[in-house]
Amino acid sequence: MTESLEKAPFLLARADAFITWAQKNSLWPFGSGLACCAIEMIATAAARFDIARFGMELFRASPRQADLFIVAGTVTNKMAPVIRRLWEQMPDPKWALAMGNCAIGGGPFPTYSVLQGVDKIIPVDVYVAGCPPTPQGLIHGLMTLQEKIARSHPTKEILDPDARHNR
Amino acid sequence: MPDTTADRPELRQAADSLAGRFPEAVLSSSVEKGELAVRLRKEDLAAVLSFLKDERGFNVLDDIIVLDNIRSSGDGGKRFTVLYQLYQFPGFVRLRLAVDVGENEALDSAVPVYRSADWAEREAFDMFGVRFEGHPGLRRIYMPDEFEGHPLRKDFPLGGRDGGA
Amino acid sequence: MALKEIDLNMGPQHPSTHGVLRLKLAVDNEVVLRVVPVIGYLHRGMEKLWESLTYVQVVPLTDRLDYLAALSNNLGYVLAVEKLAGIEVPRRARYIRVVLAELQRLASHLAAVGFMANDIGAMSVLLYGFEAREDVLDIFEEYCGARLTVHGIRIGGVPHDLDGALVARIRTVIDGIPKHLADIRTLLDENRIWKGRTVGVGVIGAGDAVDYGLTGPSLRASGVPWDIRKDIPYSSYDEFDFDVPLRTNGDVYDRYFVRVEEMYQSIRIVRQALDGLPAGEISARVPRVLKVPPGEVFHTIEAPKGVLGFYVKSDGTDKPERVKMKSPSFINLQSLEHMCKGNLFSDVVGILGSLDIVLGEIDK
Amino acid sequence: MTPFVADFLIPVGKIAAVILYPMGMVVVMIWLERRVVALIQGRLGPNRVGFQGILQPVADAVKLFFKENIMQRQADKFLFNISPVLVMFSSLLAFCFVPLGEPIQIGSYTLTLWIAESPVGLLIILGLSSISVFGVIFGGWASNSKYPLMGALRSVIQVLSYEIPVGLTVLTVAFIARSMDLVEIVRRQESSGVWYGFLMPVSFVVFWISAVAETNRAPFDLPEAESELVAGYHTEYSGMKFAYFYMAEYAHMVLVSSLVVILFFGGWLPPFPSVKALSFLHAVPGFVWYLIKIMFFLYLYVWIRATFPRYRFDLLIRLVWKWLIPLSLVNFLAIALVRYLL
């Protein structure tokens, strides 16, 4: 991180800081719930935990308007192509968070119908373990993602569109 | 806990009336742990179901359960046993019909009698490959259409055929 | 507006399909001609998995069936195994189970009413429901450390005792629930828009409801007084005094209303169970390796969604030969087409919400 | 004052103001909505970015600016691109005709607080605000997708139906004020000493309900009903184009609230003009009163949204054709009669 920052011109670094500030404070999740974890995701948005404080309460129903794909629950082989397609429908820059053990690696279901980890089909930025993770856990994952975004260089991706795929 | 394990007289009555009406169809009947189980001949299934529903008031089909007898098929040679779990309301009597069916045989569909049998039979077909004749649309319900094999059969590996897990 | 019939795919990813349900709709402009539910997007192969686990290991997995009512699933499975193995559960454990199961029913109905209202556009109700639900989840968290997939009922009894502090806490929480319910009911009960969208919508008559095998609050909204807790009492339910709320129109409004009424009854049962909590053991003696004598059993309980049944067949070993779950949502969802036909597209989401389905137990 | 200032700087400043004022209101409104809805629901709402989260809409806008713009291959490219612009600018353009107060005298120069004054300003605003529905229709149709199309269809029927009561109630105001000039309408309310909202409560209520419906806001948000149509007519829009739709909705709300305040609640006039004891209220600048009143109606929007379930299509149409249109017709005739007799 520090190396590339030293090489980057000062203005680009400032622009990076400004853009990432906006991006990390306005992560609109895609309202996609798969299984048990979805309930905890909703609980995270509800009164007690309220991710609206971070500006993340706008669960978008359309993938076109979302920034963050929270894969909340078990991904089955039947659902996997749908997840992949939804991910592709989301506009860049986008992030994915694997919520719960099922999304991370199949969880307690080593069976014929369960995809053993959503990272086999989409690139995952943050993993949140738990079965299901508590809302506190999810918020911790989201804040970790915010830190990750703060370290990124969006101007690089704008100037060099190929860099996006190497992110 | 009362009732649930008691041997209630209604159960015997139901079994007797069934045996009286279909003497050849009923192969055996037993009451265990407060549950009436009747083993039937495959051919008479549809007639018995409509009799039970229309004349004996078993108005609810709770579930259709399939057992894979591959390990113990010495009993009669048939691969599967299909169980029909019926419920009489009011009256609170449960009745389990058991029908043996071979791998390449088909059963009469219960859908004309009980509408709730629709998805249950599709599930049985999907998971075990038991076919039901007269079902309005017998296709897979859980697995994708292109899936090969029937997962709940005992010879199907837990992790799937392609060793997925 | 003469449009030709168009096919509309609702889901498997749609904001109001309660998970990964897919509905294949045929609509003429806004009027629904056909609804074909496509399920299986959450089929995890539970029943296959159970055959490779011991009787005890299955219990935590039942949490993940109806994940809005994990304890009810625990209870259904555990009772079936106990019946098969002939385990006599101590009275205190039965009472604690009733407390837990009824609190779970409260949590589940609160979420159900919230989701249903959210589908119809009243989003505040969802958050009020979840606020009240959090209080109930606090009890579970204090009881066994988990919020959602609690695994709070074990074969033979319950894992933890209810101590005085927890009993006091449960009392405060259930005393507070009616206030939350009052908030929700103020927003909905007599609201003209709510009534316009729910009264007379998605009607299913008593005859059809029974024929489709509809169970639970959805059936009782059609005027059929079928409640397993009264009919074939289990786990000491016959020792409590409660009513079975009944409505007769069988529409979305009545299904909402029955759920709300049931919550008051649940509070009543919890109060009685706490008042009469007997002393004694909280668990029967169950061997570490539980070998169940050969046999088969089908046991049903009244889960929040409807009649939940477990068929367990044993071959005498420590692993079940076959466990089959009869899930209420699976049966209830079948009647969706009957309710939706001829209604408007907007009503489909409301009707679906009023059926209170959970894909976890439909797909297993 | 030099001609340079009078003829160049001031008009440029006004044009800047006509963009900045509604956009500033939109930012405040988005923040207000998210905070107020959160508070009604027992939550906190955005409070991390800037003071109490006031910069939240800014962060959202910047983020959306740097998002990828996706257009499907099957979309109608021209209409797909033009519709967000159409929606946004019809709202902004209408603000040219919305006066912010009485002219201010600076030396010999009279600074008018509006860009264009027209004797039929009211009609122009109504016309412009109706143009935005074309954006919705084009957007829904051009997306070449089923949910947006259904959203657009709903929008057409809804806006067409609700235009009628809006027109009829606005006419009653024009009758009483004998003018369609917005500044003149406020002046008439000043001289008659009573705000038209109290003089004609039926007109106000019908206008308000219809106006909420025309802005596609809850409980009339059928064209973008999330639980039914995913995101309605803008389902396929991403990035800045979506931001246009999003902001235009709020700009439209600000516009409608301004209209309600001007037509029915005395615009920038302070309350209780006839009560002597409250004459100190005149010390507060008119613009502040104006903003307070607009904010009240914007708050009402949010409050309604957090409280009511969504209307169903047939109920919505029944409401307008069976209740609002007959009511506004009777109201119109009654006021015309009163006006004729007096």
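Going by the order they are written in, the chains are A, B, C and D; count residues from 1 in each one.
The working rule: a contact is a pair of C-beta atoms (placed from the backbone, for glycine too) under 8 Å apart; a residue touches a chain by one contact, two chains touch by 3 or more.
This is a predicted model, so every value here is computed, not measured.
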(request) Give the chains in contact with both chain A and chain D, ordered by label. (result) C
(message) Taking the mean of the CA coordinates per chain, how far is chain A from chain C in Å?
(response) 31
(message) Distance between chain B and chain D based on Cα centroids, please, to the nearest Å.
(response) 63
(request) Express in whole angstrom the distance between the two chain centres, defined as the mean CA positions of chain C and chain D. (result) 45
(request) Can you check how far apart chain B and chain C are, centre to centre, with Cα atoms defining each centre and the answer in Å? (result) 25
(request) Please set out, as single numbers or ranges, the residues of chain B touching at least two other chains. (result) 142-144, 151, 156, 158
(request) Would you give the residues of chain D that are in contact with at least 2 other chains, written as numbers and ranges? (result) 41-43, 226, 230
(request) Quick one: which residues in chain C touch 2 or more of the other chains? (result) 14-15, 40, 43, 45, 48-49, 127, 131
(request) Select the category (line, ring, star, complete, other) that matches the graph of chains linked by touching. (result) other
(request) Identify every two-chain combination in which the chains touch. (result) A-B, A-C, A-D, B-C, C-D
(request) Name, in rising order, each residue of chain C that touches chain A in their complex. (result) 12-15, 19-20, 40-46, 48-49, 60-61, 63-64, 67-68, 111, 126-127, 130-131, 133-134, 137, 147-149, 359-360
(message) Going by the contact rule set out above, which residues of chain C touch chain B in the complex?
(response) 39-40, 43, 45, 47-49, 52, 83-84, 94, 210-213, 224, 226, 231-236, 238, 295-300, 307, 309, 311, 313, 321-322, 324, 326, 330-331, 333-334, 363-364
(message) Could you list, by residue number, the parts of chain A that touch chain D in their complex?
(response) 18-19, 21-23, 25-26, 28, 46-47, 50, 52-55, 57, 60-62, 64-65, 67, 89, 91-93, 154, 158
(request) Would you mind writing out the residues of chain B in touch with chain A in their complex? (result) 142-144, 151, 156-161, 164-165
(message) Going by the contact rule set out above, which residues of chain D touch chain A in the complex?
(response) 34, 38, 41-49, 53, 56, 58-63, 66-70, 226, 230-231, 234-239, 242
